[in-house]
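Labels A, B and C are assigned to the chains in the order they are written; within every chain, residues are numbered from 1.
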Amino acid sequence: METPLTIAVYMLYGLSGAAVLGLLVLFVLKLRHLAAEKRERVCLEKYQDYFFYIQAYGEEEGRLKPPAGVLTRSEKRIIQKKLISLLERFTGVHRQKLLDLCDDLGLVEMDLKRLNSWWKWSRVDAAYNLGMMHAEQAVPGIIRLMKKDDNDASMFIFARALAKCARKEKDLREMVELLVGYRQNCQPLIVDILSDSQIDTGPLFASLVREEDADLVKVGLIGLTSHVQPGMDSILDQLVNSADKEVRIKVVKLLCRDIRYLTKRNVSLFLSHPDWEIRSVMAKAIGELGLSTYIPLLKRAVKDPHWWVARNSMNSLAQLQVDGFRALCSIMEEERDIRIREMANQVIQKELEKGRFPTIDLEQQITHQQKLLFYQEWSRKTLSTAHALEK
Amino acid sequence: MRDFLLYYGTFAIYYVFVINSLYLIIMMFSFKNIMGILKSSLYSRYQALSGSPHVPPISILVPAYNEELTIIENVRSLLSLNYPEYEVIVINDGSGDETLNVLINEFNLQLSHHAAVWPVLKTEKVRGVYYNPAFPHLYLIDKDNGGKADSLNAGINLSHYPLIASIDADSLLEKDALIRIARVYMENPEETVAIGGDIRIANGCKIEDGIVSEIRLPKKLLPMLQSIEYLKAFLGGRIGWSAINGLIIVSGAFGVFRKDYVIKVGGYRGGYPGEDMNIIIKLHKYMLENKLPYRVAFCPDAVCWTQAPDTWKILGSQRRRWGRGNLKNMIEYGQHMVFRPKYKIFGLVTLPYNILFETLNPYFRITGLLALIGYVLMDMTQANILLIYGALNILYGFLLGIGALLLEEIAFRRYPRFQDIVKMLFYTILMFFGYRQIGVIWRFLGHIEYLRNNNSWGTMTRTSWKAEEKKTISSLEVRG
Amino acid sequence: MNSLIPAFHQFLRAYRLEHNSCGIILAACKQLSPASVSDIEEALQQKGMGLHMQLAYDKNTRLLAVYLEGQNRSETHFFSLQVKDILQERGLLAGSLLIASFTESKQATSYVLQRMIQEVLKLAGYGEIKLFFHHLDGREETAGSILLVNHDETVNEFLQIFLQQKGYQVTIAQDGMDGVQKYQELFPDLVITDLNLPIMDGYQLMERIRQQQTGPASKIVVLTDKKLEEDVKKSFALGASDYITKPFSPVELAARVKRLIS
């Protein structure tokens, strides 16, 4: 009877000990944070004039001077923080002068040393800072860390730092390969990370598209949407038949941004593609690019069994000026399937509704008026034929 | 008899010890991950990311039931989030007040009978969709009353983007909450099916133009206690659970989901509260049954501020609702999933933990306490056993509270002043004198309500949103 | 006549500076004894490291002048930080500092120096360092007025310094609502706005500005993080004259602003 309770009492002792320890850590931490905050405030105050100076003379000749006097380590850190917040907003001369200043202050050197720290989060801090300071010297170190610390989200911090530091395509390429190896399917993030690079990433994307690995290809395809490269026709044509569905969709999305690729052959191919996503992308693009020549193809796509393809086709028709609108109305006459007629009617009505909102664009107003006139005449005509038939 | 009471009481003591120890283990996972979370959040440049064309677009769904007073401010604040591409879909769930009209007037919306609605989930009748091209990213759905889950389903039908975010109409998102969640999603888009945000209590904070401008602890007792509860549950619990992919709930107040999977599991379930836990359980079940790699993530730096109930009555009804929803979910899924190896961590750890230590918690605690009181009444010389029971409860709870505050101090530091910490510590202890016990009773009452409702089969109320339950903060599974 | 002016001429003669640049720092001090002036000079010489300089102190106005040889404005400015430090350390600073630099010392006439003296005496505040801009043709008006609507404090601080240097009058608004109010008060020549703004976003701001236009149109430049094509399209549709994404080149921004305002 006694034993279980004595254990309980021991547990109580243990808990009290842990609680006291926890409290102690908590208080120490809080006080340290408060002190650090105060130190930062004081330091920023002290160097306020200096910060004005570095912001005011970003485009004059000559280097910016480091502050007079000896800086303590913590002062350097605080100044670095301020410099980084400026650095990430600028390009051009201003950035270059601040980068030179970081060098002169010895900040790059300081963080290069910390890159080898035993404490993991110091390494992460250092890599981030070096990235923000575009320190080319840090490239090998960061690549090494990416290979070593492969366990968590710090991978992306390293990658971003590397994208900023690297001046050579091959380093960026290695980074992409490491990231893809670490985690598949985060291609949009990889492309976003690459957009931080100072070098032109277009050729890199063009070469990634030619890779075997589908993940690398996807990175390339997403990248190419914002970096148009010449001479890609044949490889893109091949990729349309890729075994990877996502690759196929991404290629078509890419092709649909450029009118040159949208030959009659391609458009009809995509509109009858087995993947509904591709049909849907194509249908949408015709309207967005204003390709009135493909109205007949869209009229056929309206009957697509997939809701989104049908809907996008109709929306595209509505976007294609009066001709497309006319085609929409004719669907109402010719189509037998009641659901399609209903959907067409919805899109027509929605298009006409747009007139209720005042638009700025004169051109839009005119097309809208034309559509409205056409609709009124058309509906009179069809109504009278309907009447005639009824009789 | 006496022996039995003693045995049972001793059992209760160890039950309390085990439950808290398990919680402590979960919290250790939080500690393990906290530095990574801190650094990733610190070093992700959200400002740049919020303009990036590579961020996935999101549809924000805002179910609104009788929210005429606050809805304008909330929609305005949602329309000015830092995010590249998103839309806000407000769903008026047949409100009895002027919710619909204040929105129509404020944003000059026009009824459009012809909006494209993909009828993928069944809902109550949609009366119309309102829109104004001057606010191209705002839609208002007006529909017959059908509850919160039904409203969310209607929103999904209209939504145009592959991700959906559900947000309570009485909550305020921080401007970069969405982009912070998107960052977590982008790091693993294929496997992430849901991500929860951190919910914090806005009572006591200064709110200007839909933005929390000054963060303060609540001044009133009840919101203050809930503030501590939330902190413990979200920082101590959810970070840890998400680390082992055993998260059982993403708060309805703020969570982001992949639309395709939500549709695949049939959307939100109506009829009972706890639809936010239900959807997560269904997602776990679906992904595990189809052997798809997945994770349910938690993003503690994406903050949503919510008004906590400040009267006992409203709080009680909220907690009873949670109790009801929790029991329903546990009964429905517990019997199929518990201890089946197929359901991995979720079936082997999360669900058993929730059933044993959340759902059944009131019974063990109350009966344990009663047994010990009975025992002591029979033999007054043994009063110290009652003391041990109480001390163990309080001390362990206090320790866990310290843990949560430590996590907060390491990574977030939302409450800057030293006295805030002292105040929070004080309330961590105060919680054990009355508040927790009442919480246990509420939960118990919720269970009774559930059983009564279930007996009167067929007359189940369809609307889970009654007027007196206006504070529809998501259910949050706080340990009672 | 203020005793600083003869001292200046003496300085120019001593260093034969007609075709060289020179910097001037004026500081409002407390009463200084000759001893403390020479003490300050010594300290400055130490910091200046071989820099040619001359100090002068005027008892009536209590102004301390530091003349620097061959220093352009940024160098003069940097040196003024040390002047301030030294004066502050000794508790001798009483007001603010005014600095100027002349690319050819010939431009620095007694008249200009006289105006500087007047201006520094008018300066309120303590320990602030102000730049003196001199227009040789005597023009006083600014190059134009700019309203800066942005929530990013770092950018606000920088652009205010940067554009004021270029002679623009800069007003800052923190959010969209504030932006509309300040726009109505000031009717600036140019508005630089972000799209992501609290309370009222950049689009609504532009819409409001367009509705209000009665007189000559204010030009709008969008400076934002948003890189989506749709945003660019929409901004131009709403009347923006230019669209610049962050990170941006301040030099480029200045060139575009100049083109739009002149």
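One rule holds in what follows: a residue touches a chain if its C-beta (ideal position, glycine included) is under 8 Å from a C-beta of that chain, and two chains touch if they have at least 3 such contacts.
For reference, the UniProt names are A = HEAT repeat domain-containing protein; B = Glycosyltransferase; C = Hisitidine kinase.
These numbers were taken from a predicted model, which means no experiment stands behind them.
**Student:** Among the chains, which is located farthest from chain B on the basis of C-alpha centroids?
**Tutor:** C
**Student:** For the interfaces A-C and A-B, which has the higher count of C-beta pairs in contact?
**Tutor:** When A-B is set beside A-C, the one with more contacts is A-B.
**Student:** Round to the nearest whole Å and give the separation of the Cα centres of chain B and chain C.
**Tutor:** About 52 Å separates the centre of chain B from that of chain C.
**Student:** Find the geometric centre of each of chain A and chain C from their Cα atoms only, then give the gap between the two centres in Å, rounded to an integer.
**Tutor:** About 38 Å, centre to centre.
**Student:** Could you grab the centroid distance between chain A and chain B? Build each centroid from C-alpha atoms only and quote it in angstrom.
**Tutor:** Whole-Å distance between the two chain centres: 29.
**Student:** Using the touch rule from the top of the page, what residues of chain C touch 2 or more other chains?
**Tutor:** Residues 152, 246 of chain C touch two or more partner chains.
**Student:** In chain A, which residues are in touch with two or more of the other chains?
**Tutor:** Where chain A meets two or more other chains at a single residue, that happens at 88.
**Student:** Listing for chain B: what residues touch at least two other chains?
**Tutor:** Residues 48, 52-53, 134.
**Student:** Under the definition above, what is the set of chain C residues touching chain A in their complex?
**Tutor:** Residue positions touching the partner: 47, 72-75, 77-78, 81-82, 84-85, 129, 131, 152, 154-155, 157-158, 161-162, 165, 237, 246-252.
**Student:** Would you pull the chain A residues touching chain B in the complex into a rising list?
**Tutor:** 1, 4-5, 8-9, 11-12, 15-16, 18-19, 22-23, 25-27, 29-31, 33-34, 37, 88, 121, 124-125, 128, 152-154, 156-157, 160, 183-186, 188-189, 191-192, 195-196, 222, 225-226, 307-308, 311, 315, 345-347, 349-350, 353-354, 356-357, 359
**Student:** For chain C, which residues are in contact with chain B within the complex?
**Tutor:** 152, 175-177, 196-201, 207, 224-230, 245-246
**Student:** Spell out the residues on chain B that touch chain C in their complex, using ranges where they run on.
**Tutor:** Answer in residue numbers: 47-48, 50-53, 76, 79-80, 82, 84-85, 134, 175, 209-211.
**Student:** Over in the complex, which chain A residues touch chain C? Could you list them?
**Tutor:** Per the stated touch rule, the residues are 49-50, 52-53, 55-60, 62, 64-65, 67-68, 85-86, 88-95, 360-361.
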